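One chain, chain A, links the two complexes that follow: it is found with chain B in the first and with chain C in the second.
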Partner chain A sequence: MKRTQMMLLPLLLSFVLLAPVASATGPRVTTTLFSAHENEIHTVDFPPYVSTDVVDGGSVSEIVRTALMAAGIDADLSIHPLKRMVNYYLLQENALAVMGRHLHFSDVQRKALIIIPVMVMEEQYIYYKPQHPDGLNLDSDHLKQLVYGSHQDEDVSRFTAAGCTVKYGNTMSLLKQLRRGDVDFIEVPPLTIEWLLDRYMADEKEQFVSLPDVVDNEVLYMIFNRKHAAGEDAAARFKQALAAMVKDGRYGTILDKYLGAEHGKLYLRRLESFSAGQGL
Partner chain B sequence: MPDKVCEHAYRVYRACSMLKRMLVAILLSTSPAMAGSVVLDANESPPYWSESMTGFGMGGEIVQAISRAAGVTTVLSFKPLQRMIAEDDNNDLGNPVFYLRNQDFAAIIPIAVYHVALFYYKPNHDGEAFSVVSLADLKGFKVGMLKGALVDRSAFARAGIDVEESYSQASLFRKLRKGRIDLVIEVELVGRQMIRNLFPDEIDAFAVNPVEQSEAPIAILLSQQQPDAAAVAQAYRRGLQTIVDSGEYSAIVKKYYGAGLLPEHYMPELEHFSRLYRFVGGIAQ
Partner chain C sequence: MNVLLLLLALLLPVCCSQPSAAADYHMVKPASVGLSAARLTNMDRLIENYVEQKKIGGAVVLVARKGEIAYFKASGLADVGKPMQRDTIFRVVSMTKPVTSTAIMMLYEEGKLLLSDPVAKYIPEFRNQKVLIANPAGAEFPYRLVPVKREVQIRDLLAHTSGLLYLFLNDVYPDPARNMIVQMYKEAGITDGFCRPDEAIGDMVKRLGGLPLYAQPGEVWDYGLNSDVLGYLVEVVSGMTFDRYVEEHIFKPLKMKDSYFYLPEEKLPRLAAVWQSDWQGGLVRASDEKPIVAGDLCLNPGDARASSGKYLAGGASMLSTVYDYYRFTQMLLNGGELDGVRLLSRKTVELMTATNHIGEHDAVFLHGHGWKFGLGFAIQVDREHSVDSGDVGTYEWAGIYSTRFSVDPKEQKITIFMSQTNPFGHHFELWDKVLVQSASAIAD
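And then the complex of A and B:
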């Protein structure tokens, strides 16, 4: 996690400046309240990349808003707390588009969708040191005795095939399950772990340990809906606008602003190589 | 003799305390399938939830009516909001957004809807009506809101909006009346109540502009540790439907909003939130 520490200052500042709420039935004054946009792009809270608790909604929010504006698409991001709410807007109300990760659509549903990668993040395995004082061994003999903590719709086939038990929860819930020993390890982007631990479990931050190797790439996608009258056209224009942002440096500049110059370049490279690998 | 007076006073005090606890506990007939009471944590936020209001406020009355119709024994427990958010094995009441990052719930049952409105004092604006469509329309105004309510602080600053925050809703509306702030952004029902309480003779001097698409749910959130959570959720949903059908629900909310002031789309919005929070994958459950 050392690599992430150097560019955490803007993130730390972002939540230090945000005051706690006073009432559970109170106003949440967001720009969306005073947004005259024609469409909403629904997405789920995923700090520090997309979150109302981060200045300007986070790096991915700004990238998407910039691309939408460049593409002439009159839409703003609406950030929800649960993934199933995002799915509801896409599948039940035929929203123009949503943004998300851990895609889990049927073949029929997928045919109606146009999927565009926006950000590629590395993920690492995290465990709670007091529960595993000698470290965590993930070889095949040990895996079958372990419990993996998964997010909704995460692909857990490699863990179940190895004999792991799987339990589910959101990231904060999974961190607490790690601490209680209910799950043994989870897979999350390091920046997300840093952000959540700093904000909610700062006293125990050092007890949450990441395995050194990068284990996976996680991709955030824009998902346009062919069932929406403007879906196909908007997808084409958004894709073109995003590609232009990558090419002319605006994409990297936004990442640099939020994550620091070194990480901005890494994310840019990951997106380019992922898109090339997918033929996108 | 003084000892007896003290003892008597102590007994009276204990009796009052017990009575207060009994009032907070909404004791109703217990369903045989769900032995024990369901404890729901609430945060003091009148007129929706308040330990000192008759029926514990609008939300309290709705929960009471739902519980009675469902045959569920429900107890309201008032706590500070930060404690409600921090605890992750409790049942909560309020806007789900405040709790969902820190806790996974077994069920979320929207029971009411609230809206945000812009308030201004007409004499301070030369009696002219104005509407706010975009953030740019607020530029140049001093806008008051409750501390902690502003989510997109940087966007408001960039738009040139001068924000004044206060821990007290009453303070915001007094400043609005004096012209020290131009507009107040507040929950519509809360603002209307503030104006009625603080300036009963000037109610018509305040303009109330509901913000379009500002609807948010108030829900019962059942913890994964709640025994028989699925059965309790089903009973609450059934109870809600019963009181909606009987007109009891409508009578409660209209009592708080006042004649003719219940937002036109209140019930369709409640139904929408019910579908939204029950949706799982491709199938609504």
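And then the complex of A and C:
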């Protein structure tokens, strides 16, 4: 081989090996279309805990992803705008798991589910001050004249029993209904309200008032599906990994990252004392 | 003194180029561009007749040929006690869509995107979309979701082949799957965008991307929220708000001085009122205080009086004049250039006006069979079907408050009609007659 050819060979090889992969300009699709992920987890947008608009998907997303990784579960987490889509994937397509709150299941459906609490949140009543300039009185006499704004599938039995009218919507539409006077009060975690008001109604933030008492504990659950081939095993491993995260401080560190140290510890204490399935 | 003369000489052309009064528009005698002045007077009679019968409050009509305005007339009232003027400002609503398409095609020419790009490349919420299939009545669950065969591409948004819907058409095309998707849209706070919701367009688009599609991308033609997604895409790709991008890259270069997404306060007096007509002589000026149509098709004329807001709908939010819109369409007719300013290449305009983007489907919404959809407007593709006027290759679109444009490349003719009358459905006959008058004025 001539000397010049010997010198050219490594050069040509380096072009072949190091050149970037040529990209076609035609229609292209994601690889996931051809290799559907067997382990799908579905959840509904719930800022700032679970949302594509929050860094790293929000505190609960990060806790769940970290626990899944620690448990060796390779799963695809999808955040949907509607809760009914989450129910669809769990009950109709037998997804590995879903994550959420206000997810009501029949007794038969519950038998196929393994329910693990992931985070406990305080909820407070919120009203719109211009509609109630003298404050909101929720004693039994006043409740009869009030309209409660509920999320779909929220337990409203205590309001209906008190004679309250109930209207429904997602949190953002409930805030707009409060402003229009279509509903008088709603029940939402304060951090969610703060996040939504800062983002969408910053000018009117001061007009939305929280009643001081915590009225309820709202729980975000991971709900594994026994009908999925890996459901039971994944649930056991996830539960173990989550418990380990709480114990070794990783859970608290993630909460601190999103909520600050003070809030984070509060959420952690509640989770430790919470039993699975309560309030679901 | 010399300085004063110099200043005057410099200012004079500037002042004269501002079409602030009717006399300032450069017009030619119809005969000089092959149009019959006598026949164009039929247009006067047509519009005046509709005004006299109180079917519409008023209108502005423009006919241009070979790059020159030959007919430009305002009739009737813009508002109570206020005559229509040639510089009256209109809510052009869906005539925003061709402008949005132009913004996308400019980014395409800059190499910022390809029409074959999946929308998910820029808006991740469009990844792994599903198509809703209605289950047979009596099934345990009303629907099932199947994966898309291919992702929605930018081309699908331009040609309305994405499977995204408009809510208001649920009443026009009753169908179980459409109804289920519309219910999901409502639950997720998606609107048709005509009422300028109190949120940024990107927030709506991200939620929309997470909801099921009505049909497999590329396998349907269904007029929907596609241009609204494109408007947000302009923001993502350009890094500018949609209104600012359009203002800097389209309105300013084309000297569309009265075109906005939110009107400046000093121009509010020129905004036409919306009139509600029963088409039988019952004509009422619509309130600016509340929607005239509440429901899925939310129309609130007063929204156009807001001087600022977050919602920038690429499918609906533009306010403009007949003259400004003429400048935009003349740019398209010229193959992408007007008065020495080139926005698009001739090849790109040819691509936008090509008739093979929607395959076997026909664009049967504003038009009937015999019309296809390009990348922002409908295009007449044959004369085998019932068509009143125009040539093969003519492209058109309209706005829901009764505005319409038609560009006939073969005859180098542009016709623009603008009124502000509700409901929309009554106007097809009037628009068709306007286009017939425009076509029958050709005299060469």
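The rule is simple: the second predicted complex is superposed on the first by the 236 of 280 C-alpha atoms of A that agree within 3 Å, B and C clash if a C-alpha of one lies under 4 Å from a C-alpha of the other, contacts with A are read in each partner's own complex, and residues count from 1 in each chain.
One rule holds for everything that comes next: a residue touches a chain if its C-beta (ideal position, glycine included) is under 8 Å from a C-beta of that chain, and two chains touch if they have at least 3 such contacts.
Remember, predicted model here, so these are calculated numbers, not experimental data.
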item: Partner chain in contact with A:N170 - chain B first, chain C second, else both or neither; value: both
item: Which partner reaches more residues of chain A (counting touched residues only), chain B or chain C; value: B
item: Which superposed partner A:A161 touches (first chain B, second chain C, both, neither); value: neither
item: Contacts of A:P81 with chain B and chain C, given as first, second, both or neither; value: both
item: Partner chain(s) touched by A:Y200 [first = chain B, second = chain C, both, neither]; value: both
item: Chain B versus chain C as contact partner of A:T52, first or second or both or neither; value: both
item: Contacts of A:Q92 with chain B and chain C, given as first, second, both or neither; value: both
item: Chain A positions touched by chain B in one structure and by chain C in the second; value: 25-30, 33, 36, 45, 52-53, 81-82, 84-85, 88, 91-92, 170, 172-173, 176, 200
item: For the chain B and chain A complex, residues of the former touching the latter; value: 42-43, 45, 48-49, 59, 81-82, 84, 88, 92-104, 114, 116, 132-135, 137-138, 145-156, 165, 167, 185-187, 211, 213-214, 216, 218, 275-277, 279-282, 284
item: Complex contacts: residues of chain C adjacent to chain A; value: 114, 116-118, 120, 124-125, 127-128, 141, 143-145, 147-148, 150-151, 153, 184, 187-189, 198-199, 203, 206-207, 210-212
item: Residue numbers on chain A that touch chain C, as the complex places them; value: 25-30, 32-33, 36, 45, 52-53, 78-82, 84-85, 88, 91-93, 152, 170, 172-173, 176, 200-201
item: Footprint of chain B on chain A - complex, ascending; value: 17-31, 33-36, 45, 52-53, 55-57, 81-82, 84-85, 87-88, 91-92, 104, 106, 109, 169-170, 172-173, 176, 200
